[in-house]
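Order of writing sets the labels: A, B and C. Residues in every chain begin at 1.
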Amino acid sequence: MSVAQGPATPSLPISSVPGEPVGETLLEIRGLSVDYGMGNQPVHAVDDVDLVIRRGEVVGLAGESGSGKSTLAYAIARLLRDPGVITAGEAYFYDWPKGSYQDAGSGQVRKTAVQPRVVDLLTDDKRVIRSVRWSEIAVVFQSALDALNPVLRIGRLIDDVLKAHEKDMSKDERVARAKELLGIVGISPDRLNSYPHELSGGMRQRVMIAVAVALQPSLLIMDEPTTALDVVIQREILEELMDLRERLGFSILFITHDLSLLIEIADTIAVMYAGKLVEKAPAKALFRAPRHPYTYGLTKSFPSLHGDKVVMVGIEGSPPDLRKVPSGCPFHPRCPWAMDICTTTVPPALELHDVSGSRQVLCWLQDGAHEVPPELALVPPVAGTEEARPSMRVHGTPVHARTIDEGTTGEH
Amino acid sequence: MEIVDVSKEQVPPLTPLAAAPRKRRPKLRITKSKKMLAGLVILGFFVVMGVIGPWVAPYDPNALGDLTGPGGTQSPGGHHLLGQTTIGNDIFSQLVAGTRPTIEVAFLSGVIATALAIIIGITAGYMGGLVDEVLSLTANIFLVLPALPLLIAVGAFLGPDRAGSPWVVSLIIAATGWAWGARVMRAQAMSMRNRDFVEAARIGGESTSRIILAEIMPNLSAVIASSFLFTTLYAIGTYVGLGFLNVVSAGPHYNWGTMLFDATSSSAVEAGAWWWYVPPGLAIAILGMSLALINFGIDEYINPRLRVATGAGKAAKAAGVKLRPQLGFTPVVRKRAVATVPTIVQLEEAP
Amino acid sequence: MRIFIRRIGFYLLAAVAAVTLDFFIPRMVPGDPVLTALAGLKGSATPGALAALQAQYGEGANHAGLWHQYAHFWNMLLHGDLGLSLSLGNTKVTTIIGQHIWWTVILVGLATVISFVVGTLIGTLAAWRRGSWIESLLPLTTFLQAMPYFFFATLLVLLFAVQLNWFPAQGGYDTFSSTVGLNWAFVSDALSHAVLPALTIVGASLAGWIIGMRNQVVTVADEDYVLLAEAAGLPRRRVVWYAMRNAILPQISSFALALSFVVGGSLLTEIVFSYPGIGFILLSAVKSLDYSLVQGIFLVITLVVLAANFIADIVYVALDPRTRQEA
């Protein structure tokens, strides 16, 4: 985890690793740590996390309850409530000029020198942070019922948001824009005069999305946006969201405990456990060829109907109490392949490169000095092949054990 | 009372007490809350005074001593610590002896009103349906009826001596003071009705009264305590108010309200005899404040967000870092060194 | 509309309960003090007044069953008759109350509104500036809250009337120099007489509003919609407004409880200041065993309080759109 020397230039201007989504860096997190409370007994909710989100990329952040995934997401936006404190690391947001993004899928990778404004999310002045928040980084809260002011008509809320940022807009223009926003999330414009409680759960979440995209941000942080909804509505909203993303071109940091959902929508999946980011890889590769024992357990887990407690095949126990995180690798008490070193020393952050591209893994087994168990050495699907992503809700798809030798054929 | 938010999805609910499984209920450590500790110490002092007051009072509060203070006045000094009334009673003795009726009535009405609130509130919340409708309606009516005029009217018909009996006055005060607690407890009981352990007890065939007493009530202890303190506070105010109006008399004993009645009816304020009316007034205020402070502590225990110094801010202060949490700007206090440079392992070459 | 009908129904029921309570108070008491009082009046009261009282309490020649008495009580009420006052020259109770109720309504009404507004603002400030000096004053306010109204009133008299001589200590207006009516001399005189009683009510009830609002804002500030307002970059004032607008709702719904306290306290305050309101009259009625006046005053106070609560309910419905949902 390199100590960033200052955000003079984006460290990853354009990805050259095949198979990864092409796009300039939008958000760069280095060694971020978040504590709850300070002094005698702080809880390390997020511990030394690196994460890069590129323009247009959908990054899924998966993990169980208490893994720190929501904490991380809120800390990035500096929206974490007391007693949350950011204790280490850096977070930079690259504010690219509006309209400069071109979809990588079109094959036209722009070479002209468009330079972003770099915002240091942790040290810059509050005014600077206020200027990028919502206009560039917007948040879709978990429960729209809680996030929409119950005594305010939704038109009024959208109007307040527009008024705060678009000083030149007239009252009529704002109303027109609010109607347009409702339109793009599939709600009739006459709902502007409705109160949140008068809308259904799905409609409320759509309004929440409309409020979030009101200023055309380049990053949407979505905190379990569909968890509270039933499966049919959930599906509808996700499809609309992906359409919207294609039209408006924003990146998404999608937080969920439902890994199967991410495989369908995310380009990249990051998995968190006990405050640490244990694995980050292209979505398909992560699902088909997990490198971290915990990810392996997750991919073999049962779908959870209630809440986000995950039952894993072959992995006993439950996530640790963050006040008493085990020494060494926090996963070692549950890891079937735990070694002596795992109990004493935190694994190094490894960056692996294979056919699917590069990935981050936090595991001693993958450091090259140890023998990799066959389950964790699967061959990932070759990047770029037009293989259909596993469809939604295929939980526990059997993953065939292969050896490393097989892997060298590069074939799935 | 270390309650730590672990992540957003684990923010403690408004009433962790009711939500947490019973065995994992956080222990209420009195010493952790300075307000509560201060309140308990003051309250303890008054309770002791209430018990021993009439015995340790230097004079009979009704004895008409001769008015022989320094300079021939009744102001404090000499044998009379707080001076004497215009008819020569020792004010300090009245104050000390008057603690007992005040404390007695306050706690008696507190207990009766809280018992009524528990029975009516929990029954309504747990049973639901028509029972709930009727009981809630009754509670709401009692809540909107102004209590003191009612008590004055009842007291007027009873006459000061009959109304002054501790049991009678406690009963009539409790009759007007139970509704608020009942409403709070009804809401709590309703939220518990469908909890797993209540459900289990119901399926297990336990009787309704047993479920209420053994399953629901223990989980409402903080709410019950808060309700008890509130009604006790109300009872003190009402009792001394009735004493001040001379609607109730404390018989041979004095209470602080009747002391104030005597003082004002003897124009003590105009005469500048502050030693007559200030001590009982202060005693009432301090006793009331002790109850309010304990209630503060309980409120903060039920809803940890209410604590004055917030978790991070408080701990940061102890660690010597100045930190003022502000909504929407998570504080950044970098103190740990950033980790090492990543190790890049080339596992396999891309074809 | 349904919610209004429900609320009106509730308050009608509460009014019936109050009337019934009022009817039963003298009849629940053992030993029949009314009978004793009536016996004592045989010499002094006019025959007409005595007959009316006997009818009211179902005594003497008009001896009747409880139900009959109850019906008679309602009949009197519906004709706007609360009986005759014994102590004040057999005047109609309604006349006496009519003369004095306005002093109380204006004093208590104004003081309560001031206290609510000021307390709500201070409470919001204390919550929004967490950890500031305002918050350290909170335990102190409990001292004010625990202080009985009449004692607080006494202290104010001592300081502002006896020591500083800024405001009058007694009465509602100067009976010698001003005539009751809408003239400047009277109004200014009445206002200066009202300062200390109003200050008493405001001071004693302020702490409750401050603490209530502070706790509500602290709780509401943790809601996602406030965080969203801050995240979306709304102006600071607007963010505070989002929190306040929601936090004020429980304040209004606790109005019923608070009002009962304030009314009780105000009666005592009036007595300290000899303020010509209804509380002062109530005390003299109690002292002179003027039962019909006591009953009448209780009933009128109760009905006024019910009306005030009904207004608070309407305000609540107007402020919270969720209550307006048609089922």
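Here is the rule we use: a contact is a pair of C-beta atoms (placed from the backbone, for glycine too) under 8 Å apart; a residue touches a chain by one contact, two chains touch by 3 or more.
All values derive from a computational prediction rather than experimental measurement.
Of the two chain pairs considered here, B-C and A-C, the higher C-beta contact count falls to B-C. Chain B has the C-alpha centroid lying closest to the overall centroid of all protein C-alpha atoms shown.
Each chain gets a centre from the mean of its Cα atoms; the one farthest from the centre of subunit B is A. Each chain gets one centre point, the mean of its Cα atoms, and the points for subunit A and subunit B are 48 Å apart.
Between subunit B and subunit C the centroid-to-centroid distance comes to 23 Å (mean Cα coordinates, whole Å).
Rounded to whole angstrom units, the spacing between the C-alpha centres of subunit A and subunit C is 57.
For subunit A, residues that reach two or more other chains under the stated contact definition are 79, 81, 142.
Each of the following residues of subunit B touches two or more other chains: 310, 313, 325, 327-328.
In subunit C, the residues touching two or more other chains are 222, 227, 230-231.
Residue ranges of subunit C in contact with subunit B, taken from their complex: 10-11, 13-14, 17-18, 21-22, 25-26, 28-29, 33-34, 130-131, 135-136, 138-139, 142-143, 145-151, 154-155, 157-158, 162, 169, 215, 218-219, 221-222, 226-227, 230-231, 239, 256-257, 259-261, 263-265, 267-268, 271-272, 282-283, 285-287, 289, 291, 294-295, 297-298, 301-302, 305-306, 309. Residues 11, 14, 35, 137, 140-141, 143-150, 152-159, 180, 233-234, 237-238, 240-241, 244-247, 260, 264, 269-270, 272, 274, 277-278, 280-281, 284-289, 291-293, 296, 299, 303, 305-306, 308-310, 313, 324-325, 327-328 of subunit B touch subunit C in their complex.
The part of subunit B that touches subunit A in the complex is made up of residues 2, 4-10, 310-316, 318-319, 321, 323, 325, 327-351. The touching residues of subunit A, when paired with subunit B in their complex, are 1-3, 18, 30-31, 33-34, 36-43, 45, 48, 50, 65-71, 74-75, 78-90, 122-123, 126, 129, 142, 223, 308, 322-323, 348-355, 366-368, 382-383, 407-408, 410. Only residues 77, 79, 81, 130-131, 133-135, 138-139, 141-143, 146-152, 160-161, 164-165, 195, 197-198, 211 of subunit A touch subunit C when the two sit together in their complex.
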